[in-house]
Each structure stands twice: as C-alpha cells, then as structure tokens.
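Here come two complexes built around subunit A, the first alongside subunit B, the second alongside subunit C.
Take a look at the complex of A and B:
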C-alpha cells in the first residue's frame, strides 16, 4: 500500500530520477545481483550432487543425512553467521586473522548463505529425481552404470526442480539483509533499509530503490513461468511411491562419508553456538527470553494456518488453471522478494489507524506481515500437491451439488492431508525464522524470538545471545520432529 | 456450475483465531490500561530492560517496551515514531543520544513535561520549554588494543584515526546510525563543512573500517583485527569488564574535548497513556536509575551526588566538547546525503 501511495503521490517518481540516476545505486545493485548469483551457484554445486545421492542411491542413513543437512535452512541466516563468527572470527575456536578476513567480506557472505540455502536445492533435486518414471531409469541401468544413469538421465530430467531451487535461493539471497550487515558487506537491500532506518526518513526514496528490484522480481516470475512452468509442480508434492535405491556398490562407503561430511558441516555453526553458550548461558538465557518464544510460536502457527488456507484456495486455482490464479501467484512471488523493510513500512501505514488498533497493537499485525511475505510458500507447495491429483473427484462431487468448501473439506483435505501438513510445516518454520519482516513493525512487548536475539546482540552477554539462538534452533527442531512424525504416521495410514 | 458456499458451512476458523488472538494479547482498544506505559528506546536492551522492570515496581506501572537494533541504532526507533506520528503508539521515547529527540520536537511530536525529578539535573541538560531532559551520559572514546599499540604510541585525538601509521587498522561505526552520526555532525558543527569533509575523506584514504555498530568496533579491537577504534564508553567498559586486552582513551583532552552524550527522555504527544508515561519519566529521572546506569552500563551520572563506580569516570573529570544539541540536530539532517555517499549507500 505504501508503494502504491508513494507512486500515486509522485513521491517515487520524483525520487526516481535522483536516486536511480546515481552510479553507486546501480553499482550496488550489480554487487547484490553478483552476490546472489554466486550464492546460487554455490548452493547448486553443493545441492545437486548431494540431492542426487541422497534422493536416489543407497547411501548409508540417507534420510537422516538429509534431515541434518536441511535443518539450518529453517533457522535465521543471521544465527548461522553468528555461529561461523564464533568459529572463524579472529578469536573464534579455530579462527585466525586470515579466516576472519575471509569471513568478514563477500566470501563469508557467499559461503554462509550458500551453505544455509543449499538444502533447498538438495531437497528439490532429490524430489525431482524421485518423480522420474522408473522405467526410464531401469532402461538406462540395463546399458550403463548407476553414476552415468544419474548424470545422463536423472539429473537432466529433474532440471525443472533444480531450476526452481535455484530461483528460490536467488530470491532469498537478494532480499537478505542480516547476514551481509553482520559480515560488513554492503548490499542493495541494505540501501533500502538505510532509507527507512536512517536519520532521513525517506520512504519515497526507498520506494524508488525498490523499483529495480521489482523489475528483477518480474524477471524471476517470467523465468519461473516460461522456463520452469508447471513442471516444477511435479517436484513439490509428497510421494507415496517407493522405488528401490540405486546401488552404489564399492562407491557406497566413500559417497556416504562425503554426504555425511556435507551434512555435518551444516551443523558446525550450531556447535559453535553451543560451545559459546555453555550450561550457564542456557540457564541465564531463561531470564532474558521473556514472552518472545510464545510470541514466535503463536504468530508463526497462526500465520502458517493462514498461509496454508491461502495455498488451499490459490494453489488449487493455480493447479486447475483458473484465470486469476497466475496473477495472484505472481503478486505473492513479488511480495516474497520485495525488501522486507519496505513491506514493513507499508504495514505501519496501512494498519496504524484508529479503527485498526486491534490489529496494529496485537499479534495480528505479525501474522499479517508474515502471511504477506511467505504466502508464496503455501501457494506453490499446495499448488504442486493439487497438480498431482486428478480433478475428476472434485468434478464428480460438484456434479452432486457439493460447494467449494465441502469439496475442500470432504475430498481434497483428506486426500492430501500429508501435503497440507507439509505445507503448514514449511510455512511455520519460515515464519519462525523471520527477522527482516517483523523487526519494522512488531508491537512493543511482543517481539518474536529472532528480534529479541538481534536486539540483545548489542552488548548483550554473548553466552546468553548464543543460548537464545540455540533455544530457537531447539524449538524449530522439536516442531520439525513432531511434524515429521505426523507425516510418517499419515504415510503409513495411506 | 458456479461454486456457492454451502449455507450450512461454519465460518472459517481463522476468523475465530484472529478474534481470540486480539483478546488474548490485550489490545488497547478493547480495554483500558491506564497504568501501562509504552516506551520506545535506543538505549541498549541489555541495560534499559532491567531499568524498566525496576520502574514497574517503583512507579506502580506496567511497561511495554520496544528496542532498537544495533545496526539501525537510534534511527530505526526514531523513524518508527515518525511513521506512527498520525496515531502514536509510544508514550515515552528514551533516546541514547540528545540529538534525535530534537527531530521529534521539530516535527511537533513531543509533549512538554517538566518532571519534578529533573530539578536537580544541571540546567543545560533540560529544555527550557520542558520538551526534553538529559541524564546518564556516555562519552565517545578511543578503544585501544594493548597488544598492538604501546603506551608511547597511544592515540590521543580522533584525528589519529587518519594517521597513515594506522592505515587499515582503525574503525568507526556506520556514521548513518547511532552516536557516530551525532559525533560526525558535531565535527561538522565544530570544524565547518570543509574541514570535516576533508577529515572523513582522509579516513577513507587511510582505509578505515566502517563497522556496522559501536559494538562491532569493540569486537574488532578486542579481537585484534584493528589497533583502535572510535566507540562509546558503555561498549568500551563492556570490553574491560570482559577482561579484554584494551584501554580507553578520552580523545582530545588537550584540545576540543571529548564528546559527551547524555541519554534523553521525552513524552510523546498523543500517546495513549500520558499519565503512565509521566510516571515512567519521573522514575527514569531518579538518582536510583542514574546509579544503576552507572553501575551496569558505565553511563556517567549527571546529577550531583550520585556515586560513580570505580570503572566509570566522573563527568566533571572529562574535558567535554562544547556543543549545541539543537544545532547538531539540524546539521545531522543536512549532511545525510553527503554521508550516504561517503558510506556508499
């Protein structure tokens, strides 16, 4: 809304000529784009082979390895940067002047975010490979060895899923603020942030800066529509079909060691935080945690419900090719990549009014902000789920007079309960990890845990800050574990 | 066939959840909270939050607080106050520096209030019209790494940040945020634009590191990544308390003096709980709070008679830079475009 208001008032157009006419603006944008490309490439280098091995071969403990590898993606990237700092900062556990100089610079940002986001590529690669018609694979295996089957048949066929993973990583990196700011790398979203957090409150200038990002967003939407398209949907649904894994033979042990090494590297920052926190930190942190954990849980849980509900409606419409669905999907994708500070200012402008104080001063404002930011997750996840199911069941029900909600409640939800639960789980953990969106407009006294960690980091006892970070990670792990068990239970029943 | 909602279907559960949330979290429009004060602050949460807990007991109020992040220190909260100007949510703003509240005063967002507890504070720390009151101060200092700089080579002036001897081994916090903004504005006021810009450009030529915050400057010095940096006394004393191999230098004691930065409290015009806001301000302006800020946050008491811990210098023992906070506030706004260009944002 603030974007529209600024555009209509001419504020953004007035600022556009000045702000976008400066060379440093474009230089920063190119730097951010370059960082995003580098992180994406890094995530692909890590994620594609890891996903191929974990998704399709008989590597030892592959499910556990995938869980360990994927866990950090559900944490605020800033916490991971904090952990790497405790490891490789000059006074870190294994740090030196050299490691510190590497960490606090573009290399550090690229490495931190590539490791943080690689599981997205890993998971989508694994899912994409698992969707391939097994007869193609069987035919290939009669004439060539397993590794050539993977390289020549499976990976090329899984490219829409891999491309989707690359798209998501690129978008997440482009809008990331916390890690570059902590590691002292100037980025384009930080420029937007300073226009709104700097001494000169300049929303018009911030909106002008957002316009190129919107152009990038539209380009991503185009890439998504034209090159990836509906094929990506095939990767996101939950499988109930089991295929025998590819035997690795003599390569099983070394490849198992390799993927477990990759997975365990993902946990190193958490180990560093645990060492920093110690037992005293974990107990002292309870004095500082306040209501933030409850706030995070409540806001994230409700936001995930709303995102799932959005996904049920818009995702279903997208899968059934309803006219307006593509537009809503594109808007949700744009909201995902718009700098969160701009979204935040819009929330303040829209909801801080006499008649909406019951929204602005309560958890509801957090829920609305999180839904606006992460709605795309529900739409895409459930769009994929519905895409895999035949529309005939719904058509038959409609023929007998069942309305939309009755079809949804009596047919689609029971049929796709696992997919719905998975979508809720994904939305929940992304809402839990959010910092950049809610930090701009959270109500006083209702700060979510990531915000509390971020504000306490200023001169707060380091062992307490590390411990709070661990509490966040533990909470996420508990929710994922419970969710995973429920998903497993549903699979056994179906 | 057009889809119509089944008339026997229940309303979406999500609507009920929203209503429960609204009541559960206690919105102001639902019930009156006359004894609740909402405070926005840029004083570090680790220091200010215990103070608010103290004031809840001492003043008989409940306090809901909102803190700034290290990276947007002072300005993030300030801009939220400006963004909310039409319908203020805060009752009180406790600023970590004396300059940003002027921006609120200039915009007509402050309600004058002369707290009875302010009477014992020095006159120059109180606005004549009652719009702001200063107390519990920090100073801008140089934090020096003992292992990298000998006593003989100790820097004594902020100009030493541009000394080629220390090329690439000095740091300041981002001058777009926090107390560094105020300090840079004070230099512009004291030296004039030309000299101040020349100094900042020399800092750049000297490869000064621009840290995200004063806390980051402290970390850089403590870790030995840089030899010395410009930061605040609370950050510096935190490093000393942690046993880091550092020492604190109050710069320019034989020259223009060190910049002293009181914290400042203002009452927000149009806040929902003005009475509770005044009681919170009264509590913040007590000797007890200044004593706590001195002990826990190494802030110098400005009220006579408040004891100073051993690790905190009395403000009277420091040659302070002569400044006009109102003038600095105007300079701060004026130089923003140039500073953004200097920082590269």
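Take a look at the complex of A and C:
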C-alpha cells in the first residue's frame, strides 16, 4: 500500500510516465516474460513425465530418485548456476569457448532455471496423481495398459496440480535475479534491483518499473483463481494412498535409467562445486562466512514460525470458507507470485523512514520481508491440512464449550502436528534459499548467506564461493533430513 | 458347468494380517453369484484379486482354465482379463463426458472401430440414457451416474461383470429400479456376474446363489435358503433379513 502511495505521489507519477514511456522498458519486460515462458515450458517437459513415472509406477528406487531430483529446488538457483559454470564455463571441467557462450546467454539461463525448477512440477505432478481416487485408476486399469491409464486418466485429472506447478515456476523465474545477473543476461527484475543499489542507482525509476510487475502479479492471481483455485489444496497434501504402483513391465529398466539420469543431473552442479572447493576451500570459507549463516538461520527460523502461525489462522479460515479468508489468501499469493523486486521496493518505501529505523536496520526487516513473500506457503499448506480434516472434530469441541484458541491448541494442533511441522519446514527452507527479496533491503552487517555468496561471487576467491555454496547445500540437507525424520516419527506415532 | 472364474486356495496378506485365507471359489459361465459378507471381511479384496489389481500371496486364480495370477504374480494383466467392474463409488472419469467414458473403454480394446458412436448410443439407450452423451458425470443425478457405470461395464460385452456394492448408497426406490435394470440386462446377455454386497435382500433380488465370506474365509457356499445355523452372527442376520419383508423407505 505504501508502494501504491509512492506511485501516486506527484514526483513518482512524473517519473513513472517517463520510465514507462520508454520502449526499452517494455522490450525488457517482454524479454523477461519470454524467458519465464521458456523456463516454464522446459520445467513442464522435464517435470510432467518425471512426476508421472515417479508418482505412480514401479520404477526402481522411486522415492530416492524423487528426493535426489527434488533437492536442488531448496537451494538458491544461482548456486546451481555456479556449479554449471565450473562444468561448462571456459575454464570448466568439460568447458570450451562454445559451451561458455551457450551458458552465458539466454540458453544458459533457461536451461539452469528449467532444471532448477523442474522438481516443482515433478513433485506437484506426483502429488496430484497420488491424490486421485484410486478407483478411477483401477477402473481404467481393467480396460487399458498402464501408460494409457497415465496419459488419458491420471495426467488430465492431475492438471490443477500441474497448472499450479507451472504458475509457481513462471513466478519464481520472473522474480529471479541471481541466475540472469551471474550469466550476464539482462532481465526486468534485475533492472529494478540495479536501480536500488548499483551503478544505475535511481530509486524513483525503480518504483516506476515495478508497476508492470505488479500488473503481472495480479494477472497471475487471476489465473490461479480461475483455473486452479481450491483444487490446489489437492496438490499440497501429505496423505499417501495405499495402492500398488503401476507395473511398467519391459519399460521398467529403461524408464528407471531415464528418471535416475534426470535426478542425478540435478546433482551435477553440486559435484562440480565440491571439486572446485576442495578441502582448502571448505576450511578457507569458514573465515569468509562471517555471521551470514547465523543471520540466515535466525531470520528463517523466526519467519517460518510467524508464517506457520499465520497459516494456522488464515489456512483454517480458508479451509472452512470463512469471510475475508479468500481475500487474505489472494494478498498472500500476490506477494509470492509478484516478482520480488516489487515487494523489495515496497519494503524500502515502507520502512526506510526516520521513525522505523529499529525495523529497517535490524533482523526484523528480514523477518518481515520473508513473511510477506512466503506467507502463502503456510496458508496453502495448512489450508490443505485443515481442508482434509472433518469440521466435526472442531464442532464437537465447540459444542462442549471450547473456544477458538482452545480448539486450535488442544484439538487441531495435536491432530495435525505433522502438517504443522511440514509447513514450518517448507517455509524455513524457502526463507533460507531466498536471495531475490532480501537482497534489496538487507541491513548492513546482517547479510543472509545467499546474499553473502552472491556478493562474493563477483570478486571473492572462486574456491571459497564454491565452498560457501556447498555449506549452504549441506545446511539445507541437514535441515531437510532432520525434518524428514521428525515427520516420519510423527507418522509412525499416528 | 465349467468354471469361468476360479480361485483355488487363495490367500492375501496385508502386512502381518491376513485379508483372505485359503479361499476357493468357482463361478460358472452364465452364473450369477452374490458374495455376501460383513464390512472388512475381504469382499473387495477378493474382487481385486480376480481383476488382477492385487496378486495373491498364495494360491491360483484362473480365468477359463488359464492361470491369471499365482503366488505373488499377476500373469494376465487386468486389461487383458476381459472382466468389467462397477465400483461402489462408480469411478466415472470426471474429465470425460458420458460418451467419453464409454469411448475410452472401447478404444482401449480397439473394438467397434468405425461404429463407436452407434454402439455407445445403443448401450446408453439400453440403460435409459439416450441423449446424455455430451454430459459430464458431475452434471448427472446419482441414479443416472449408476446407469452410466453399468453402461460402461457392459459396453465391451465382457466375459464377466463384477459388482462391488454399486447399489449401497441408494434409496430403496432407486435400488429397486436399478436392480430391475440389472436383472433385465444380465438375463438378455446371459452374463456371468459376481455381485459383492453386505445386503442379503439386495443379493436375493439378483440371485439365490450366495457365497458367505467372513474374516477372509468362505464359510458358506450354496442357495440363500439353505444357510446352516453355524452360530455366526452375520449368517443369523442374513437369515433374519432374507426372511423378513422389506421395510418401506421412510
């Protein structure tokens, strides 16, 4: 809202007219949109078949393959770009002038981001398929072969999940500044960023430039409302169904090899980073890391708690179709899918004032930014959890005189502890990987780990940058492993 | 009469517990058999074993004397068994129209090429749904959906029809109407039918030939009127229900 007020003020309005009147502004926006479309198509091409095979067939080691394939999505994509650079850059392990020219250009951006975000489509496709009523699949299996069952019944029924995946990939790509900036490709969000803190410093222009992005965000919210809506709940559940996987028969070995190849490709950049870092890089990095890891952990943990608490209230209201819940959900979704530079500019405009320096110069600004950007994850994840739970549990408690907070604390939280933990975990990992939002307004001395790595990339020692990237990946792996173990424990108890 | 469907000493386990235990059952060509049992007795699992959706842990499943499944292996995949099923929740594919549901089945088998439209129309006419071709399942009433599921099951003229309590959630009037339709269709076609249900009155409407399944074991096989007094509470309930007149729908 502060951003809108800024836009409507006299000076900014004039700036807006000038900036938005330039043809290059619109051509850059079109270029960014084109890149986002290409990345989305790439992610769909990789993710849909991989998700279908990993989600419903007897492919060898499918759970492990899914975990390996999905891991990179929890890392900042520019870390993967570093990895590809150490493989295909001019000095890379298998690099040449030709591979380097491909990497440092639109093709490199599209390939890097499509591979980085494909697991989103894969996972949502697999989850969407697993949510389909088993009898619909069994009815098809009695008349047709497994591949036709997948193509004609399961995939069409899972399309809301796939569409959600496409929407998220498009939005994340349009927000991405790390990969295009590293690979020297000019994009619209990067242009906004450089006007806030680079050699092209022009904050008024930055404010003007976010207006078209805001319009794109609103368009995406409209698409979500019209095409996906409540059906996206089906894509976010934790339930797994007890039904035998579809037998692939003679195709089992080649398809297993194919999906494992796709999964292992996801890990190639990390292997390249490990080779570049070496033992010396891992020890040197400890001197360069500074307080960034602590900042990342603290800001992400607190933000994830707030996001989960927000998700409990708004997600519950959404699942029970309470008034205003849908509007709050739309606002949270808008903050997520609108390119993050819009949010960044808004945060600067709102909090960079004399009276609010206690927020703007401390960890609080990071927490606020992360909550604003990733609040939707808690809302949708917990909305999905409550959506599956019969309202009768709460109604019974209410009939016996329990108020909202008592019902929440004594009935819903214990019943859905696993879902709450999963929501916190997802929020935490997404906050940990964030660069695009916080890079615009992180306070001096409080740079999160992804920002530290990104800024060092330009002029720090390469082996240290590679090692810091690996530390980030290791930290994420540890968090996910511990979270996964806790989720597994809760499942066994329940 | 030679057995069209046969289970010989079939057992199915789920984890540590036994779902079916040494089940032996024959269903002859043109025979209509009701498989009666309380909830959780293994009726639906037995049906899924016949369909090839579940492999037995032990025993042999035969279709027309061909081994279809045996100890841990499905030898004939579900789509090659030529069996049709009507599930309790009907499982109509919601993204396909009424005609689309039937067309998917016909095209899967490559049957009636070039005359699909006419065949679908005739089938829908037989279940009283001519003109409903373009509707989606979500646009139909419960009874109409049941008719589509029946039409979909019969459109291929399968060797046997397996009914998994498809009438369980209907009111008495609708149930009577559909039972009459099923009896008519099965009689005209001479269909082999295995009707899974927990309702003895519903079973009696279609056949007097029943098999009782309790705790995964067959405890009786024969005419409904010949149920022995075994001390089983379910058999006693079946005896009482099948001898009592039907109550009118409230």
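Observations on the structure shown:
The working rule: the second predicted complex is superposed on the first by the 454 of 494 C-alpha atoms of A that agree within 3 Å, B and C clash if a C-alpha of one lies under 4 Å from a C-alpha of the other, contacts with A are read in each partner's own complex, and residues count from 1 in each chain.
One rule holds for everything that comes next: a contact is a pair of C-beta atoms (placed from the backbone, for glycine too) under 8 Å apart; a residue touches a chain by one contact, two chains touch by 3 or more.
Keep in mind the model is a prediction, meaning the values are calculated, not measured.
With both structures placed on the common chain, the touch criterion links A:247 to subunit C but leaves subunit B unconnected. The larger set of touched subunit A residues comes from B, when the choice is between subunit B and subunit C.
When the two complexes are overlaid on their common chain A, residue A:153 makes contact with subunit C while staying clear of subunit B. Touch criterion met: A:138 reaches subunit C, while subunit B stays clear of it. Residue ranges of subunit A in contact with subunit B, taken from their complex: 24, 28, 89-91, 97, 100, 181-182, 184, 186, 190-191, 193-194, 196-201, 298, 302, 305-306, 309, 345, 348-349, 352-354, 357-364, 367, 398-399, 402-406, 439-447, 454-461. Touching subunit C in their complex are the following residues of subunit A: 133, 135-136, 138-145, 148, 152-153, 156-157, 244, 247. Residues 1, 3-6, 9, 12, 14, 17-18, 21-22, 24-30, 38-40, 44-47, 64-73, 75-76, 78-80, 82-84, 86-87, 89-90, 100, 103, 176-177, 181, 209-213, 215-216, 219, 222-225, 234-235, 238, 332-333, 336-337, 340-341, 343-345 of subunit B are the ones that touch subunit A when the two sit in their complex.
On the side of subunit C, the complex with subunit A involves touching residues 48, 51-54, 74, 77-79, 81, 83-85, 87-89, 91, 93-95, 104-105, 108-109, 156.
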